[in-house]
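Labels for the chains are A, B, C and D, by order of writing; each one numbers its residues from 1.
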Amino acid sequence: MLVVMHSHATPPQIEQVLAAIRRMNLTPHPLPGAQRTAIGITGNISVVDPRSLEVLPGVLELIRVTKPYKLASREMHEADTYVRLPQTTIGPGTFTLIAGPCSVENEDMILRTAEFLRSQGVHLLRAGAFKPRSSPYAFQGLGQEGLDILGRVRQRTGIGIVTELMDSETADAVEQVADIIQIGTRNMQNFSLLRRVGRSKKPVLLKRGMAATLEEWLMAAEYVMAGGNYNVVLCERGVRTFSDHSRNTLDLSVIPPVKHLSHLPILVDPSHGTGKRDYVPAMALAALAAGADGLLIEIHPEPERALSDGAQSLNFESFICLMEALRRLAEPLGKTIP
Amino acid sequence: MLVVMHSHATPPQIEQVLAAIRRMNLTPHPLPGAQRTAIGITGNISVVDPRSLEVLPGVLELIRVTKPYKLASREMHEADTYVRLPQTTIGPGTFTLIAGPCSVENEDMILRTAEFLRSQGVHLLRAGAFKPRSSPYAFQGLGQEGLDILGRVRQRTGIGIVTELMDSETADAVEQVADIIQIGTRNMQNFSLLRRVGRSKKPVLLKRGMAATLEEWLMAAEYVMAGGNYNVVLCERGVRTFSDHSRNTLDLSVIPPVKHLSHLPILVDPSHGTGKRDYVPAMALAALAAGADGLLIEIHPEPERALSDGAQSLNFESFICLMEALRRLAEPLGKTIP
Amino acid sequence: MLVVMHSHATPPQIEQVLAAIRRMNLTPHPLPGAQRTAIGITGNISVVDPRSLEVLPGVLELIRVTKPYKLASREMHEADTYVRLPQTTIGPGTFTLIAGPCSVENEDMILRTAEFLRSQGVHLLRAGAFKPRSSPYAFQGLGQEGLDILGRVRQRTGIGIVTELMDSETADAVEQVADIIQIGTRNMQNFSLLRRVGRSKKPVLLKRGMAATLEEWLMAAEYVMAGGNYNVVLCERGVRTFSDHSRNTLDLSVIPPVKHLSHLPILVDPSHGTGKRDYVPAMALAALAAGADGLLIEIHPEPERALSDGAQSLNFESFICLMEALRRLAEPLGKTIP
Amino acid sequence: MLVVMHSHATPPQIEQVLAAIRRMNLTPHPLPGAQRTAIGITGNISVVDPRSLEVLPGVLELIRVTKPYKLASREMHEADTYVRLPQTTIGPGTFTLIAGPCSVENEDMILRTAEFLRSQGVHLLRAGAFKPRSSPYAFQGLGQEGLDILGRVRQRTGIGIVTELMDSETADAVEQVADIIQIGTRNMQNFSLLRRVGRSKKPVLLKRGMAATLEEWLMAAEYVMAGGNYNVVLCERGVRTFSDHSRNTLDLSVIPPVKHLSHLPILVDPSHGTGKRDYVPAMALAALAAGADGLLIEIHPEPERALSDGAQSLNFESFICLMEALRRLAEPLGKTIP
């Protein structure tokens, strides 16, 4: 933390800031310059709210230095995290595919999709039983019935299940079926929900919020990890910007800093990122090239008949083409697609 | 809904789109132009996902015409909504102040604040017992103890209580104490929570999400109203942009379109909007001039000692100055401050 | 400037950074903390590019402390700037109105507008002879003929002229007619143009770029001032965000920080800010309440027939209503509208 | 164009809109629905400003259908554009590298860079003689001396030159030396400059503006093409968002829609996009995988000593590694790197 004083700040004003810092049990380090004085602060600032220093007379600005995340930080934990599942492992070196429809519509389509995925060597199926929809009048998912379908298909095909959890009330039920619990973009800062999955034994797929900075995203991971659940997988799915050529702006450039600042694996969801089926393959390949550890991708046996998000779902044929392109690209990048 | 065809679209492609629309039980209206054909759609589109039309061959673009909100819409409900509370009424004509500290820190400071507010003619106190904090290591609020404090101060002073609800588990407890239940910006699209307060008898203060469009915000209100709770008060608190001169970008320009498109009252929170105490009064006055129905504002007996958000809290003295300035301004604007 | 070292940075790495700083003729101040070392830098950093320090081994982050603007900064020049024109003065205490059509369409409409404005006590007319249009096929303004019209109307009515300069080729001609030279939002970082008006004797109205931070905006003013022209008036006109309820997001919350960090006057353009005639009056009043020094506002004798931007232009009648509302509001705010 | 009427709009109001459309020499097509009437418009709308319809009584909204660009549009010109240079050709099928320092610092470093690039099979060198800098006090480039250096190095090594043009005054001089004229991000909507290069015989590299929509970007290309210069190469270099983990948000997801809507080639600048040397290779590979036609990339013989943007420049060794990785990736993607 650095307190920058106004160039006209008086010695008593500087003294007052030093005293305030000491009252917080922190150590001030005055740093006089030609034009102004800055004051470095050392000590454990995570327990105080140093923004209150900002309003003391003579203070120009407050600059934070320390990153607030610890457990999610690579500085604290240098080795890459590998999230181990019964079906596969997510982490550097491999490139994991998670595919499936937006929502569980009926048992037949989930079974068909699971069998198709297994035939393609894909180990994880995504599908929502509980769907966050921006309209209360839109299809909200099959709920418990959807979970039951997922459970039966899991048992029958051995495929791993990734499904979204929207609230604590349904957490036990989701936990029973899911191999990975998905936290959706709109719940990235639903701290009660993060605390709940922090107590879970199942890995958590944490989607980035629509307007979340990297720090806020890692702090959301920190919430889960602080509860004891270290198996967090990040998922970039596009952020909200002025750009209107796609549904969201897929921020692939977040991948290198995530890898730099954190040890957690990161997937990319090009389906929500673009919102348009035709643009998905290009962004899927780009995600692989940019260093992502895998993809979350929407496919549907009949996208034209999907109850939700059909426009961004690939059909099976297109998915096969994409898989082939990904496999060709993975090798020169030193990744294997299991 | 309008489907815009590619200029090279063939008659069979157009025919295919018309058929797809009819299969959705909607009526297509072909609209041939010099350069291309567009197809208008009429009927109840809210039950289908017409985005799937977008991927049919020959389709250039899909343009939505109808607004998806109904209960929150002024088209459906022309008269302004007045939210009636035991202590006061929120709606056009008056300008309601809701003030108080970020969080309940102890009984003494809440009591002092409540008594101060009553002495200033302010009827509603805001303070959080449950606090959404971006760090799991930061002060998370006093929880049930905080609610108990609010309940006792309410009884003793008669002041109305506005306090945040973060999850369904604590909904009953919050409902018992709150005159208005606040839904925070990070939970604006926590649809499970919105459904829960839709069943509540208490009015809901719905803060705008950090990256929420006006339509998404009104759809969040629609969730609450669809559950039977029509007493929704909107609250603009700043959105996330590239701008770095303040904590958020307070979007006062949302007020006229809110008034145009909806009948719900709208408040402004200049404290979170700016993040800086010195900038609060100017934006509070601007909110009044822009047509807001009131303010949500952070005050603290001793901002320098606040456990959270002290940097954006006014002290009592500054609040008195602001009240005076607001009263002077309200009169020429035809508003009364009760 | 502060260099934050990685927590694992070795003493030789720290030494290397200290040496690099000294090679730049700056003074390093090591600041060892519990977790990591930070290094403060003092000296004249404006002549070097210290970003190169960022890539030295062991460096985590570089944090800039000093503001790069000098002439535009209130720290360097505490007193408010008043821009004095033959017709009026722009600066704190008064609230200046600049009104007129988007573009000069013909002499009659400019004359009618000028006479109307004079009758309302408004001293400055805005109208473009050269129009920056996003389409090469749209009306680009009357050019020199438009300037001639403005010159004749100026002479006949005594009204001051505010008109846009788009390039150096037309600078002499614009200078001859304009009382204030407008630099449009798309040219805020057209540095050649800024240098050109820095050599002008006429005041400059500098509109904020669509994605300009406050610092970039003040640096653009600095370009003009560094050339010797200190008469710069800032103008907020909305920034580009994800929000789609208005043409741009009018950032009124920039006004208090502008006043805090700079001594330059600031106007607001609610016409471009909202893009919709009906929303202009509310935002005009809000700008006054927020502390702006005036308005730039589009009016047109017959908005329905305007060649450009008719949808955001007020007609004369609405402008009279707005003037009355502004006058009523100015008084309690301690401002006079000349 | 579609005019959406209010659900309460009266028949005379609808009639008035129909009449207004006809007065613009356009054809209205009323489209009555269950809830409201919409009115389709056909005809040449590019010559009128139909936004004025928006303010007629009873009108809810105006929805534009036609894209305003013609020459840049793939609908009008289906075949991909290949920009042919003396040294190489830019367009689909190949992947063109343009590399070099931010600015010409002296002849030696340009010569060394050119020779290095030739040895790597790279045909185009980028370097600025005129530099747009946000501070008037920063190094602004060597100007004419820089152009002379570029000219001599071009002659000596045969390398093609890509250099930025900032204003019309220096256009002749830049044209003489440049094989491609670069228009920088801050000048993307400097329409006078776009018109000037529209008259040039040299191809134009058009960087995307920091807050430019895809439509605005293609309209800027349209300006150049409308002047007769069809050799436009687009260049994505990151847009301005709330994200703070990199200097800009590199929008790779713009590539598929650019390819869909336009026939122009598109390059990516990962150096400005990320602002950080370490993140450049990952984003360069991702750009190739996403379908870009090439890269604009900053390299410097000694990045630590660069006068500008050293932090985002690769040194020669890192560039060689990147080239190797790109070549490995190009093959499975069906692209050749000449």
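Quick note on the criterion: a residue touches a chain if its C-beta (ideal position, glycine included) is under 8 Å from a C-beta of that chain, and two chains touch if they have at least 3 such contacts.
Predicted model only: the values in this text are computed from it and were never measured.
J.: From the C-alpha centres, identify the chain that is farthest from subunit A.
T.: Measuring from the centre of subunit A, the most distant chain centre belongs to C.
J.: To test your reading of the model: what rotation angle superimposes subunit A on subunit D by C-alpha positions, in degrees to the nearest 5?
T.: Fitting subunit A to subunit D on C-alpha atoms yields 180 degrees.
J.: Using the average of all C-alpha atoms in each chain as its centre, how far is it in Å between subunit A and subunit D?
T.: So the centroids are 31 Å from each other.
J.: In whole angstrom, what separates the CA-based centres of subunit C and subunit D?
T.: 26
J.: Could you put a whole-Å number on the gap between the CA centroids of subunit A and subunit C?
T.: 38
J.: So which bits of subunit B are touching at least two other chains?
T.: Only 211, 239-242, 278 qualify.
J.: Which residues of subunit C touch subunit D in their complex?
T.: That would be residues 20, 46-47, 49, 51-52, 54-56, 68, 132-138, 166-169, 186-187, 189-193, 195, 209-211, 216, 219, 222-223, 226-227, 239-240, 276-278, 303-312 of subunit C.
J.: Can you check the complex and tell me which residues of subunit C touch subunit B?
T.: Checking each residue of subunit C against subunit B gives 211, 213-214, 238-239, 241-246, 249-257, 260, 273-274, 278-279, 282-283, 285-291, 325, 328-329, 331-333.
J.: In their shared complex, at which residues does subunit A touch subunit C?
T.: Result: residues 2, 4, 6-8, 29, 31-36, 38, 40, 42-44, 61, 63, 65-66, 75, 240-242 of subunit A touch subunit C.
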